[in-house]
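Could you have a look at this structure, given as structure tokens, before my questions?
Labels run A, B, C and D following the written order; every chain starts at residue 1.
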């Protein structure tokens, strides 16, 4: 088909940029696999699932509990962050007075830039002692989820805000013209209209929560176990890597790379799954 | 105002002397349009005459707008739409594979139902297309902008605030700006998709007068639901209708004839308001 | 009634989030403000960072960020434009790219660190350097930046696309002059998230830009980022807490300045062409 | 984009001009801060020399010194049997002490009690004479040198330990214990002693009657300690010079300032 000259030059360049970005993932996976290789060839792969627990130096490589912990922490975080993040976006987009809007958006940006070390330290030195008073040890699944929620909230809020802002002005005019009250407009018109973009933002936030290391490392307690309650300490796959990578050798190190691989695979499955739920298949 | 019955001289299109001596400018042969296998418009044959205003009328969903956007291949932007047949413009089929779409669309401009000025200043709205065709001279640009703004009757209203954002204009002003934006490229044909339907009656009348004033200087194809308007402005009219869920061209002719002595019973029924 | 309840809930949540932020900031002010001074800002770190200041670390951080933005901004915008404007949603490669990006968003930062170390550091021969750290961070912030920009572009009023096409403008020109400016809120959101993530990142930088707290002389020198400094001081250096909190406070200030800068620059670049009621 | 590329190329080229009198050290995050300070002093007495210190863990130190990525590796433990291709040069010692929360009225725990607590036989402080409070056992992550030291001293296996919290770095351990009145953990003596002196709510317990402090560690009385090593595969004159400098009394003050005990020569 015909394409204008400028586009004929631009299109392959743009496509190349996109493919370069995607190629980074391939490289990352290659790096992880090459790190995991010693474990992948010497171990029966099922041991990573079937072993009861994780004592790599004693030949036990069970990761199932950590996998579950990663998922649970992420679920708690997104369950808290999604509604609050969307509400923050609604606040900025429709509710707050103009001056407050700017300041509030700024506050969210500030939260987005809060180093995870600082968040983790806040959790460890402020929140954990608080929780510890009524449910020792305080380091727990729930707390990790809560601190993570604070961390990913800006992602949800800013992507949702962007989605609201890019809705056609006509939509707002139309809704107002119908004399619909504001909260009905927002709940029944704007949120549905922006839902695809909000969902994408939530997926990004979930991915971020799953990949976060420092916060969980400090507040989740890092005990390898199947949690029996929200107040139990757990270890996630990311914390596992961060805790042990520095000192691990040989098979231990390779097993840690396997947990990285598992994590990446999990995100992949999650994203494909989410695409199905979203209905219009974004990446098939 | 010039009455459609009187002959009149042509401005830019010097070859055609008057509207009453029709020369085909766009020639449509066996044009069919499908969306995802489903035919929406079937086998249309029609000539659009140079310097004249041709109105496309008919009920909603009978393929008028699709037909209109097939004439400058804007339909290409709609996913799933396929076109068969030919549209000849200046002796060349616009559907041949190596057709330069940019050139085509610069020659065949389009005005949309909802005014769509870019969210830029009035000046930049008009300067941007000019810069695209390689006009860099600031004075020339300013001259051309002044000319088209006068042509659409906006100059008096906006000349002191050209750097104002165009989206702050009223609906009618926005639509006239869009027409000016199309005219600034000096096209031969203007396609208009219900240009007045999103406007209030007063703005609508102003835009209608503007359209009438274009007659003779540009070839205009206008989709309208307003039969009175079609009658007022058009030299020629084409009536589309749905038959077995497929859009068809039922009747085409001088608008006076079509409105006063329709040949087809469907046309007659539609014009009388008995159908549609 | 429902209207009031709705407003009430929203104000409450908004205040709650603000309070959490203030709580965090208060903690930093409480512990770090005493240490923060011009002298702290302008002198080199001593005694593993407990004493002295952080000037060299500040410079390294800004250099890393500059590399990150220089790489991520053009690459990210180009990819977003390709995804949003030049491919159909169901385009095979576009789908793969999108999937890859979303998966990349979930890759733990420590894995990015290992990747950067192996690829930029060893394979590309950049060693421990500001460059290698900046590029690693660029890879890391690309997913969220691209996807946010793509969402923004897709949200842009389709009638402008049509208007531009009807004037015979090439797509890329329409993107440049009209669609990108119109997508500005999303792009700035992506930028803010990206800057936030980049300045806050620790694990990925430990392995790439490194630990050396000397003043970097070029982007090929190793340089310690502020976040790495904070991590080291608070987790590894006994008695480093005060300096860590002061550094964290400073990091927040840098983020404030960077955000204002981002607003200002985008305003200069795009905002002039953009109507006020859109921004 | 072109701009970025050319910028990158330019920077790559400028990086190729590296001097010969440059030392690269990588490895243990425990050793890195102290070596960094030593390196700065080394640079100041040997103008023109540059010493770059990178962290990333003891394993990195071993791997990088093997592959030549680093001239010298930093390892916060004794070398293992399968690492005999490397030579260790001890520059300092670090002790590991049991710590509890500052409000805990326990003054001493026997080795048997410590073992019972760590394997989950004792779960309440009242069982060892303290107040009625659940014990929070803080353990270190697998592979960490302090964990290995601890396990070896008490002849335990990591899988026997029933922990309520697992931590990585020293400071995380101290912060975890100081925030939890029922906690017990083990951390580097120097760090713990310092934190106690600035009012952090922790308490160091004596081991076998030997008080846990820098003095008992320095004179060799304290039972649990580990060496902080610089490891090399082969010695260049410059790295030899650096190692000798790091072991000399000229840097003893730097080592003490990081709360470690200089290696006696």
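Going forward, contacts are C-beta pairs under 8 Å (C-beta built on N, C-alpha and C of every residue); 3 or more make two chains touch, one makes a residue touch a chain.
Only a predicted model underlies this, so the values are computations on that prediction, with no experimental measurement involved.
Looking at which of B-C and A-D shares more C-beta pairs in contact, the answer is the pair A-D.
If each chain is reduced to the average of its C-alpha atoms, the one that sits nearest the average of all protein C-alpha atoms is C.
Averaged C-alpha coordinates give centres for chain A and chain B that are 50 Å from one another.
Between the Cα centres of chain B and chain C there is a gap of 47 Å. In terms of their C-alpha centroids, the spacing between chain A and chain D amounts to 32 Å. Mean C-alpha position of chain A lies 16 Å from that of chain C. Within chain D, residues 1, 29, 56, 168, 172 each touch two or more of the remaining chains.
Residue positions 74-75, 78, 157, 170, 173, 182, 234-235, 277-278 of chain C each touch two or more of the other chains.
Residue numbers of chain B whose C-beta contacts span two or more other chains: 101-102, 114. Of all residues in chain B, only 72, 74, 77, 79, 101-106, 109-110, 112, 114, 116-121, 124, 128-129, 132-133, 165-168, 178, 181-182, 185 touch chain C in the complex they form.
In the complex of the two chains, the chain D residues touching chain A come out as 1, 28-29, 56-60, 62, 80, 134, 136, 141-145, 157-159, 163-168, 172, 175-176, 179-183.
Residue ranges of chain A in contact with chain C, taken from their complex: 4-7, 10-11, 13-15, 17-22, 24-28, 31-32, 34-35, 83-84, 87-88, 90-91, 95-96, 104, 106-119, 121-122, 126, 150, 153-155, 158-159, 161-163, 165-169, 181-183, 186-187, 194, 197, 200-201, 203-204, 206-208, 210-214, 237-238, 241-242, 245, 260, 263-264, 267-268, 270-272, 275, 280-284. Chain C contributes residues 47-49, 70-71, 74-75, 78, 122, 124-129, 131, 135, 206-207, 210-213, 218-220, 222, 232, 234-240 to its touches with chain D in the complex.
On the chain C side of its complex with chain A, the touching residues are 2-3, 6-7, 9-11, 13-14, 16-18, 20-21, 23-25, 27-28, 74-76, 78-79, 81-83, 86-87, 89-90, 93-112, 114-115, 118-119, 139, 142-144, 146-148, 151-152, 154-157, 170-173, 182-183, 185-186, 189-190, 192-193, 195-197, 199-203, 227, 230-231, 234-235, 248, 251-252, 255-256, 258-259, 277-278.
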